[in-house]
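Letters A, B, C and D mark the chains in the order given here, with residues in each chain numbered from 1 onward.
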């Protein structure tokens, strides 16, 4: 047991405790945010050290420290930086309990980071709950009618999902007698089954676990909570939910389904097909309903459902071909990194606008190009990246993931996904058009704080950088994709 | 007929479905929460039963169930806190009235 | 000069766009003219660079400007290159696009004067031009597609420039949706080629097609897919409906769209990928057939339109049909000649003839639209019924408009004559069926464009119209004076330049220079002076000239001299009888009108309406269906969390049963 | 044999108690039934030889969670209001019956690799060993400590006075 391998999580948890204690003495914004950011930085440095190490499993095989996990830790940390900065302007709504707010964000991040490297069912379940419980509270943090409604919906549905997940895990355990993913895999192989129905317990475990995580990654038909919760939750938390929790969810799905259910190959093809089917439904529902939204947070919620659909294309591609494709895993990692920057950036801009206008309606974005050119430009860039146009990270991500899927013979899936992208142009560009061509409601400029501007700048710089020189991250995600233990 | 693993597993499935009905079919948020607790208990029964019949010495299932109980307690605390906030806001905890956000 | 300069041809306008949106518009909004200067400077510089590129390509032995590629990203062995392909085709397009765009921007300074969206206008114009330049320079289909969509997007923004006007917003949406229908085809074509050859590289695909590596159904499907994209952008039947409506944008935008940028993209695309077409006879027949049909179909609609820009729009569609016909006929030459003409020759023949018409058309059509803009600037309307007599007030506009019309009608020795003649010759030689269609179209073209000339410039001024059409074009700054007046000099100078080009641009190919530059060595018939007159040694030019003259004469008779009342033609057909009695060469058309007196008002109008209702209906229908579905499906989101939980439970059961029965 | 009889009694009572939880209109009584059900589950753990777990079940579920729930019922004053069927009442019944049916069908068709059950023996020390021992579940234990911290902070923050 080497505690160094846990250093990113430990340091972040330590920071959370420090922030909480600081809150007893002083909850001045600068101090709280400064300490939080410092903790993220320390955690980042530790994670960077882990990146250069060799992949290994630690804590009796419960935790794997490979580049794949570290990559997702980077993603969570990046989202964390952005959400902390984005909250700087927003936390006047939670002034009395500011320290608790940031503490919960940090604890949830610890849970997500653990989730992305956990490789044992109990650890997975407990880390998932660690992040979920913090996020339930954060969703209902404002305690007004909308926020508490979001909290309740998230909590009750999330609990149903985690009960389902748990039930599925119990069947996996019942089938194999093991909880560690690698041992589960070898136990399944030693059963020498020739199909799911040889032993339907496998089907039960597979579907119920997929359902539990389907909730987390907002896959159809488990996506219905997303719009309501995203609309009601505090906007920084919405952004955070849409990226970090989704990214870690995908990491865990990838690890469970690949590690535990990766072999024999018919099993992989079964769940690959399952995710392919769900992917189509997910992206189609997300895109089509997004066209009919008037509230930008709801629109972004449906957009994030659609994006989850695209990511699931990569998930399906991992196991659908003749051989397992690390390329699909790399593509998935890249997509999530790019999506994290992009979606967080969009939410930062939305926070900045709604701070001024106190409205999340899309019509109120009319003429923002004149009132706040830089913010509008940032939001435009993010939306363009979500749509997948050059010169943004979103394009590379889509090309990467679709290419991986095509290599695995999933051309039909990619065609559906591309058609979906076409539909998505309607609602993304509608906002862009309104901002630049619409008539401003008033000529009053929209101010934004330095923290928000920094966050938006970081996100946009990342989007452009990855869009123009994608090689930087492609290398990293290739390493990550190939390193999965 | 001797009681065996299957009996426990079927019992757990029945309890899980009853809990599921509680969360889907009852109006009061606290009853919904009770339904969720029932579901978790059902899952625990199957975990412990598997532990008993599959890997008698290793107790992995029991350990798992122990963690589930801890998580359930934490979840219940947070859930009841959120239900309290809802109650303060709206003077009701009937979940069908909590539909401010839709469409 | 170093080859890297080629990159600047399309990046310079992008910089202008960025400068305007990021710096000039937010911070120097009180100096709108700076935006115009930025765009004009950038496009001017791009024009100079294009000339340089053209010269370099001319001088290089293989007619290629070698620009090494940039390796952009390697994703799991899949390399994405950034590269430019500057061959003779590109070089010609570059000069045309930058040249025409430059003149239009200069003209726009006058036309858009005082418009509140002035900087925005120039920003989009710069981006529009940049995308078009990128499109013609891209060396891979993937990047071409990116710019292709960029052109579509910019045209959407520019057509809907006066977006507060419902008609403009609708027209923009229509253009976007209809061209997108074609783009699906294009994308399918690109993917077909990619999966066949595993590359997006244009040069490699052309080689592969020529080497027979792509063949059979794959080739045909790919070619037809690409043609669908081209048909969308180049407004070929049945995807042409957006173009007449696209006049809702500012007139210089129409002028740019119709001359050098948007619509030319389709023809360029077919020319660029022509080897893919040339090896599939089916695809060639589709191209030629659709081209020829579009030519006559659009021209027939032009006969009855009252809006001067609409007449020009139909004319553009028709002329684009000619270009497609030229490409198709050129390619079919190899099949029609029974093997005596190798396919490589046929390829260069088609490209040379088609591109030559594109080249000439760019100048005179641009001029015609600038003329329309100038007329509108003076009268405040586009409806020809309210114009008339402008010759007295706007002599310069009249002169240039007439020159452009003569060129469009194909009158010797103006530029339109030469390229149209080549198209007629090619189709006569290889697919005679379409030759007659083309010839009828020549007549119609001459008729409608001189109908516009006479209605607009001859007779007495009918007072403009302060009614509906002014509202339709209510840009501040266009103050209505009681009598029309000539446009400011900044608008007239570009028109003058274009007028000269409309006369002389065709002469470039008199000794086959243009064709041989595009790889087609035409049989040289001596020096260009001999050719200038020597063209009449064949009977064909006489026929086409006579047809055109007849059209002009009919227009003259009906709209200038009023020997025959135009309204009467629509209602009753006997007056036409009297007037045209002695003109034996009109018999066929005459019979047609006799037999089907409703042709003008019935069929043609019907065609126009079918156009507006059916095809638009499909395009808007798809868009509305998606949004309608969205509106319906959002109702599933009832806000009831237990409803969601039921969905989860039912979903799980469904998945379990699905997997159970499927496996 | 005694264990079998115990199982049947516990099973039947727990199912009826669970049904009472979700069907009784009086919420207070529903909560009491839930306590009964939890008690029966504890008994089931005992029949499975999980003595420590049975105790933990009683202490945490009955001693803590149930009390918390009853307190909440009292606070929200909905005690005497009927807990009626929700808006999706009928679909809920269909969905849960379907779900239960499918799961039971699939479990009955599954083959479980059962081993011969060993004689029941005290599990406390071996559970302790597997939680804190060298080859044990120390990591999830630590994580659940963090989880409890988050829950405590969260509950406090949410119910604080304005």
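Note that in this section contacts are C-beta pairs under 8 Å (C-beta built on N, C-alpha and C of every residue); 3 or more make two chains touch, one makes a residue touch a chain.
On a predicted model such as this, the values are computed, not experimentally measured, just so you know.
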Which chain would you call central, comparing Cα centres to the global Cα centre?
A
Count the C-beta pairs in contact for C-D and for B-D, then report the pair with the higher count.
B-D
Nearest whole angstrom, what separates the Cα centre of chain C from the Cα centre of chain D?
72
Can you compute the centre-to-centre distance for chain B and chain D, using the mean CA position of each chain? Integer Å is fine.
6
If you average the Cα atoms of chain B and of chain C to get two centres, how far apart are those centres in Å?
66
Based only on mean CA positions, could you tell me how far chain A sits from chain D in angstrom?
31
Contacts with two or more other chains, residues of chain D listed in rising order
86-88, 91-92, 95-96, 99, 103, 106-107, 112-113, 137, 140, 144, 147, 150-151, 154-155, 158
Which chain C residues touch at least two other chains?
634, 637, 639-643, 645-646, 649-650, 652, 656, 660
Flagged in chain A as touching 2+ other chains are 122, 126, 129, 133, 136-137, 140, 143, 151-153, 156, 160, 171, 174, 177, 200, 203-204, 227-228
Testing understanding: with touching defined as stated, what is the shape of the graph linking the protein chains, line, ring, star, complete or other?
complete
What residues of chain C sit close enough to touch chain A in their complex?
21-22, 25-26, 72-76, 78, 80, 120, 146, 149, 153, 157, 160, 163-164, 180, 184, 187, 191, 195, 623, 626-627, 629-631, 633-634, 636-637, 639, 641, 643-645, 647-648, 650-652, 654-656, 659-660, 663
Can you name the residues of chain A that touch chain D in the complex?
1, 13, 17, 20, 59-60, 62-63, 96-97, 100-101, 103-104, 107-108, 110-111, 114, 120, 122-123, 126-127, 129-130, 133-134, 136-137, 140-141, 143, 151, 171, 174-175, 177, 191, 199-201, 203-204
For the complex, give me every residue of chain A touching chain B.
121-122, 125-126, 129, 133, 136-137, 140, 143-146, 148-153, 155-156, 159-160, 163, 166-167, 169-171, 173-174, 177-179, 227-228, 231-232
Write out the stretch or stretches of chain D touching chain C in their complex.
86-88, 91-92, 95-96, 98-99, 102, 106
In the complex of these two chains, what residues of chain B are touching chain C?
20, 23-25, 32, 95-96, 98-103
